[in-house]
Every structure is written in structure tokens, then in C-alpha cells.
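In this document, chain identifiers A, B, C and D correspond to the written order of the chains, with residue numbering beginning at 1 in each.
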Amino acid sequence: MSATATLLFSCPDQKGLVAKLANFIYSNGGNIIQADQHTDFSAQLFITRIEWQLDGFNLPRDVIEPAFSAIAAPMNATWQIHFSEVIPRMAIWVSKQDHCLLDLLWRQKAGELNGSVSLILSNHLDLKPIADQFGIDYYHIPITKDTKAQQELQQLELLQHHKINLVVLAKYMQVLSADFVEKFPCVINIHHSFLPAFAGANPYQRAYDRGVKIIGATAHYATPDLDEGPIIEQDVIRVTHRDDTKDLIRKGKDLERMVLARAVRSHLQHRVLVYGNRTVVFT
Amino acid sequence: MSATATLLFSCPDQKGLVAKLANFIYSNGGNIIQADQHTDFSAQLFITRIEWQLDGFNLPRDVIEPAFSAIAAPMNATWQIHFSEVIPRMAIWVSKQDHCLLDLLWRQKAGELNGSVSLILSNHLDLKPIADQFGIDYYHIPITKDTKAQQELQQLELLQHHKINLVVLAKYMQVLSADFVEKFPCVINIHHSFLPAFAGANPYQRAYDRGVKIIGATAHYATPDLDEGPIIEQDVIRVTHRDDTKDLIRKGKDLERMVLARAVRSHLQHRVLVYGNRTVVFT
Amino acid sequence: MSATATLLFSCPDQKGLVAKLANFIYSNGGNIIQADQHTDFSAQLFITRIEWQLDGFNLPRDVIEPAFSAIAAPMNATWQIHFSEVIPRMAIWVSKQDHCLLDLLWRQKAGELNGSVSLILSNHLDLKPIADQFGIDYYHIPITKDTKAQQELQQLELLQHHKINLVVLAKYMQVLSADFVEKFPCVINIHHSFLPAFAGANPYQRAYDRGVKIIGATAHYATPDLDEGPIIEQDVIRVTHRDDTKDLIRKGKDLERMVLARAVRSHLQHRVLVYGNRTVVFT
Amino acid sequence: MSATATLLFSCPDQKGLVAKLANFIYSNGGNIIQADQHTDFSAQLFITRIEWQLDGFNLPRDVIEPAFSAIAAPMNATWQIHFSEVIPRMAIWVSKQDHCLLDLLWRQKAGELNGSVSLILSNHLDLKPIADQFGIDYYHIPITKDTKAQQELQQLELLQHHKINLVVLAKYMQVLSADFVEKFPCVINIHHSFLPAFAGANPYQRAYDRGVKIIGATAHYATPDLDEGPIIEQDVIRVTHRDDTKDLIRKGKDLERMVLARAVRSHLQHRVLVYGNRTVVFT
């Protein structure tokens, strides 16, 4: 497969947007291999994702963004262009539970994720053996109420130093400060409930207490408001009266790793566009 | 199929319960055709549903309950016995939307529900033609803030007069008073969200605003606390960024009628046992 | 909502297709409100669905197709253009079972389907009362081995006379001849199994005998090869050892009506494009 | 939790079965903690699973089976009794794909499976590093057409030597001979399709070619007839026109590991009873 460029683009809806974007690509010799569009009529917003082959594209790599910028400016657009040979760099943050971490590492190794795992970070030492086994650097940064602010600075430095594009909270079990999220806004979290049901702590116990017949998991971008960020993916599984809290946790672990993996996969393929508190996930 | 008796039974867990119940049936010549048991270890509660054939059962119909009572008393049990030839009588309460009503009437006619529809009750006249078409009495009882208490008295009289066993709120869109629910506690409601998410009003609009990727519906017993009653059945369906609120409502209608029908079917087959705020649904 | 035109288009993949199509619309003053594209790389086929507003579109309605034809010809394209104010006309064919028919009629009345029901046709008289109740013409055309060929001629005449665009086999339980399907190729059938499993007769009994844990239903376009046509939609539901054949049939009826309704809805919205034995269903 | 005994029992249906079984346990001082029953009326077969606590049970461990045998003989019953402290021993057979193996090993380590992994066997060397990492013996037994019969003898010896109770074919990709299955009948296989659809080779390619909208996976007991054994568990996932064969394989891998893990878990908890070509899976 030849190298491709992927445009994620949104702007106020108006006539001729598809034509203008397609013409930019065609007139420069590009071949569109996937294009998907959504118009949110209530927000009057046009949203698109276009992927085209760079083989035969006349613009040099470093000219593409400036050239496109000239076209996008009068449209009041928000946009990103990603090149397929630039592989995003992930940091996976964990606490003590291994299931999401292992699942992501397997999938990364199996080629399911368009990204590399540059580091694993944890407030505990429990999962260091897994990092060792996969040959990935493991940073142990314990967090207490008193040290949190200072530790977040260290975390930000790490992200910067390793040129991380995406932080995946794979059951990190710590709340990031509003300050942190502002400074590094590209964070995907997995919450072990079907949000907005059971936001906050102990969702499985509360799901059991409420007597629900289905449990869920939710992958979302982290925002300063805990469990309130834009949702990328959710899934559910049936439970019955035979399932106690321990069973809910066990069944939930399968949900968590599936849902998180799908969200991370979509994000790394540049298929997720956020606007307001919503996502468009182009499939 | 010969007539059967169905026992729904719960009591504090102790040794010998299955033996004692099975012996009562066997020693009187009954043949158990279905038995299911659940022990809630955290509540130390034994729960069972046993159905046996009355053909060849030595106890006359009117002696079964007193005879069983003598056995159940020392166990501190809560129990009901239902005979298959006593068909439960339903009242379906509606407002203006027809989908749940039509679905229940169609299933009742198709023999899927072990119950008869004795009356339809509504605070509006919109669905009277459906009642006419199916040949079912339609009671129009408008509700305003001022008349509610008085109208509920009239509703209770109707239920009593028609010997109603189960009220099904098939999108009734009115809150029953705590007083009503105390006097007539056997009410199944369909809520158009995946409870406890989006309890209260306008769940589809709120689901859209939150940007969820899955919507749901919940059938539960009505209790004085709105949307807090024991859950009988839930189901969900995927939505995407392409679905606006109108689409959520359309997709939700299919969920609502399926989930409500399954809950009503289970209840009418005496498969649902409530304890605390939980249900056991024997399948 | 203003009137729209919808283009369903496929042609051998080549550079500039999106630009050319979008330019045709933009240069004539049209505003694209939905566009979706798929490239089947193994078939080297470009496939798209574009919907644009006709309000402000400069070409008169009757010139649009000829004008587009001039553009499409050099691309070796296969295409259709549909105008939103032309409501497709359906004929629903049934046998004795009412669930799919009732479901389609409810949905049509509720505005879920972009089409009118012009007639109901059956080889039996059982469902005539439903047609009467909805005020739709009911044609009773019994079929025997000997009369089949002749009756199909009568059926084709009916379809022509009523200008039918789509025949929906809503549990018609008769096989259409290859000759019929050639003459009227736009037929959607619901098969009561998860094709290709249990193609042919008695799928529920055979599913029971095989001991499957999930059953399904499949909506597909009818082709001369029975149960082999392009699949539009499928869905499934869990069954357990407690479900006998009668339960499979009951659960299956819910699947059948849901799956058929979704397929018919997609088709009537011009979202389904067939190529080879496959469908693209734009959502 | 105290030690328990679990009875899996089936016999021709007759009056008093539940009473007799419950009395055996109660009269010897046992406390039933789970009991589930199913009657297959078409086969006139009574099927039950009963688990009781051994703490306080008067019969010594080695007398339980003979004592129960005396009771079961007149009922023409088929039965097994399992003691919770006897942990079943698994052999996992693989070829080159690692996803099912890794998933089972991870679940075993997480305590989700009531069994130990005594050995891994493969016709290839590819997955030996995983065995090493988990500290499990890896037996490399290559298979060719000519050596198959001889190699199966070696395999049977291995199973006997290691006292294996269950062979899990975790994508072993080789057909076992009828002779082997007769000699060692306790084998669970994962087939990468929704059986009986796409039995045999290359199910994902064939699913793609048929244009299905849902794919599945099936865990079943191996029998001499390939892909025809009693089904334990199945599950499915949606696919669209955007998914090519490679995507089907990727999505299918998630299904395969989930479905296989659930089947193995149920089997190891002695929840699966086979009769004819069907299973009862007590949940």
C-alpha cells in the first residue's frame, strides 16, 4: 500500500465544501481512497475525513499543510493532516490491573494498532514485569495527595521527552488534574460502566446494588470534568441474578479491554473527530 | 399439556429446603416439570421457582395453599402459588404513543402472553380507535395536577372492579403517586433509557446531548421513587453520530416494545421474584 | 426540509471521481448534505452515495439525469438518481403469518419508511382483514404447481399496473421463478435463518436439531437461486437449551420483522447498492 | 468457601427425581448451594446439575460415589460427580496463531478458569516462547499425512501420562482422527464461523464472498464428524462493506478467544452436559 495522507476537517456548513476539498486533492494528482462526510444540522457543522494516496501527489510533504491552509482559512475550518508513515507514539498508564495493558500490547504486536508503545507509566510497581517482558520502558511515579501536582509535572516532561501523541489510561485509577489535561489534551480513558450510568467510583458494586440486567464500559477522552469527556466507544454485556459483584468485575474486564482497544484503534487511524462534547467516529 | 401449579418461594437459606419442597410435591403425587433455584449468599436468601403437573396430584386445588402454608411457616418463607388455568388479567395504560400498546395487543392475540387484556386506560382519547378495533374497553381518565388524587381513586376502583392483576404502563407518561403504588403494587413500567442513565424526563434528548454510542430501554416495577423500582429487563441498540434525536426516538421505540413485552411475558409466567430492589428472572 | 436528489453511483476506480461528482453538483448550485464513499480494492470499484438539496439547484428536474449522463458515460458508471418527492411504491406479499406485514404497515403509518403500500398480495385469504383495516387493496392469487407460471404473469401485470417499485416478501413462503425475478428484479425477501446457515425449508426445526446457541434472520434481494441473493441485513438472538422449536419460532418472529423492516427502510432511502452478490448499505 | 460436590445427572423423566436426589444430599447433611434442572420433553429426559457443600456432609469422600450409585441405578441415570478440590488438568493444542492461547493462559492466571494448564502441544515451534514465558511444558509434534496415525499415538500417551482431563484445540488447525476422538473424547474446539454456516476451511474468506453482515465463532466438542459436534457456545459481531477479509479475520480473533474461553470456563465448572448432539449449559 502506498503512503497516504488523512485529512480530518470541520467547518461551518456551506455549499461547495466537498468540491473544494476534492479539487485540492485531484488537481495535485492525489487519488482519494476513502472519504466520509457528516453534517450536523443542529450545529450547522460540516465534518469530513478524506484519505488519499501520496504516490503521484505533486505537492512535497512539507508543502501540503501550508498549501491546504490557504484553502481552509476562508472556510473557518479546524483541521489536521496526518501522514501514514508517521506512526503515533503512545504512553500507556496503568495501576495494578493488567488486562487492558496486556490486551493493548498484544494488539500492538499483532499490528492491529497504528501506533507504537513508547512507555508504560504507573503509580505502582506491579506491572513492571510485563513491561520488561515486552521490552518497554516502565516509569514508576507514585502519587499521593501531596505530591500529585509535582508528579504531574514530571509526567508532562516524560511525555514531552518521548514525544508522546496519545496517553491511554488503561485502568490508571487516578484522576488527572484540569491543569494536566489542558497541557496534554490527548488522553483516552476507559471507564468501567455504561456512562453516564455509574460515573465515579465503584461502578460494578453500584450496578450490582441497582440490580441492572446489563453492564457496560465506556472509552472517552479525558477532560477536566471526570467521566464527562466525549465518548468514543461503548459496549455492554448481559448479567443475571446469578452474577454477583465479582462476576460483574470479571465480565466487565472483557468489555473494558475490547472497548478501550476499539477506541484506541480508531483514534490512531485518525478516525475520531471531536466537536463540543461529541465525537464523530468514521468507520 | 396438563394443568400446572407454579410456586415462587424465598426464605432464609438453610439445609434441606430443596428436599422439603420436592417432598411436598412428590409425596402428594406431583411431577415437577421445571425447577430453578438461586441462592443470594450476601442476603443469605434461598429463592426458587418450581412448576409441577396437577394431573395425578392428590391434593384438591383449594387445599394446596393451606397445606403448603403449614410447611412454609417454619421456614419464614414468602411465597405465591399460581395455577395455570387462572389467566392473569392486565390493564394497559397509555398516553398518545401507540407502539407499545399495539405490540402487546398483537402478542396477546398471538398467544405469547399468559394473560388477558381487560381494559385500556388513558389520559387521552388518541388511542381509542385501537381499543375499538381489538374490542377492548377504553377508559378515558384525563389527569391534571388538581384532579390527580381524585382520578387515581377512580383508577383504583376500575382495577378492583375488573379484578386486574397487572397494570402495564405502556408509555403512560404520568407519574403514579406513592399512595397509588402502595394500594396497587403490581405495575410494570417501560422507561425509555438504560437506567440508571437518563432517569427522568427527555432521556433521548439527553442521550443525544451526552453523545452516547448506545441507547437503551428498561422495564421495571413501579415504586414510589420514580425510575428507581426493581429492574426486570433491559436492552440496548447502537447509535452513531449520524443519528439525531429523532433517530434515537425511532430506534428507541423498537427497544421499548421488545423490552416491555419480554418483561410482561416473564411476569405473567410467574418467572419474576422481587426481593429488596432486585429481581430474579427465572428463564 | 427542502427536496433532495440522491445519487447512487459505481464505476471502475480512478483519480478525480469525487472531484468530478462534487463539481457537477456545486457548479450547478447544489448543496451536498450527505456523501459517503466506498472503494472495493479487490474489485477496483468506486462506489458512492451523494444527496444534495435541490433548493437553489440550477438544473430543472428533467434535465438533471441527461446532464449527469454526459458526465457519467466516460467513467463507465452504473448509476441511479432519486428525487425525494417521488415516493416509492411497495407491494407486500404475504402468506398466512401476520407479524411482518403488521410491522411494516405500522412503520409505514408512523413515517419510518420512505414509501407507500400500494397493495397486499397473497396466495391465501387469511390476512385480508388486515388489508381492509388499513384500507389497502388485497389481491388473492392462489398458487399451485400447475398454475404458478400463469399466476406469475397475473402478478407481473398487477405490479406494472400499480407502478410498483419494490416487492417485499413478508413471509410469502413461495419461491419466485427465475423468469419472474428477471422481469421484476427489485424484490426483498426475509429468510428465517442466519444465512447461509439453514437455507431452504424449516430453518427453526433444523436450528433446534443442530443445537445452535444463537438463531438469526436475513433480509436479501431475491434472485433465481433461492436464499442466495445479496444480503442487506441480518440479526441474531440468543437461545438456550430451554428453548424448544416453538420458542425459536417465537423469538425468530421478532428478528424477522426487525431485520426486514431495516432492510426495507434502507432500500427505500436509496442507501443500498448491489454489485456482484454483495451490497453496500450506506448508513 | 467450603469444598463442594457437583452432580451432573440425566435419566428418563419420572416422578420424584428431584425429591430423591435432594433427599440423598439432605439426609447425609449436605447443603445445596445451586440446583438447576431441565426437562427435554421431546426426549423425555430429566437433566440436572446440583452443587452442595461437603462441610457437614456425613459421607466420606470415597463413599459418595458408591452410595449415589445405588440410588442412581434404578433410575437408569447417566451421571458424574466432581469434587471442587480436584482441579481439572488441561492440555492446550495450538498451531501458529497465539491469540486463543494467550487469552486462555491469561484467564487461567487470573483465576477465571477452574483448571490448570499441564502442557501445550503444537505441530509447530512458533509458540514455544509463550510456553517458556509461562513456564509450561511445550511438546512439538509435527504432523504429516504419513505420520499422523503414529503421532496421534504419541499424543494419546502424553495425555495419559499427564492425566489430562480436557484438550482445548485453541486454533490447532488439524483434524483429529475418529480413532483419536473415540479414545479421548473430551476435546473442545473453536471453529471460526457461526456453525453450521461455513463449516470446513477458510470460513472468513467464504463469509466475505457471501457478503454476510455478521460473522461468528463456535466452540464445540470435537467428534469424528468435523465441525458437527455438540455446540457449547457461539457469538457474533457485525461487519460491513468496509470490512475486507483481513478485517473479518481481525474481528473474528476477538470472537474466537471470547467464545472459546466461555466454553472452557463452563466445561471446567462442570456446567455442560451433553446428550445426543446437544448441550445443556447450566449458567
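Basically, a contact is a pair of C-beta atoms (placed from the backbone, for glycine too) under 8 Å apart; a residue touches a chain by one contact, two chains touch by 3 or more.
Every value quoted in this text rests on a predicted model; they were computed, and no experiment measured them.
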item: Distance-maximising chain from chain A - centres being C-alpha averages; value: B
item: B-D or B-C, whichever has more C-beta pairs in contact; value: B-D
item: Centre distance in Å when chain C and chain D are each reduced to the mean of their C-alpha atoms; value: 42
item: CA centroid of chain B to CA centroid of chain C, Å; value: 37
item: Overlap residues in chain B, where contacts from two or more other chains coincide; value: 38, 41, 240, 242
item: Touching residues on chain D, where the partner in the complex is chain C; value: 38, 40-42, 194-198, 209-214, 216, 230-236, 240-242, 244, 277-281
item: Chain D-facing residues of chain B, complex; value: 14-20, 22-23, 25-27, 29-39, 41, 56
item: Chain B residues within the chain C interface of the complex; value: 99, 102, 106, 110, 112, 133, 240, 242, 250, 253-254, 258, 283
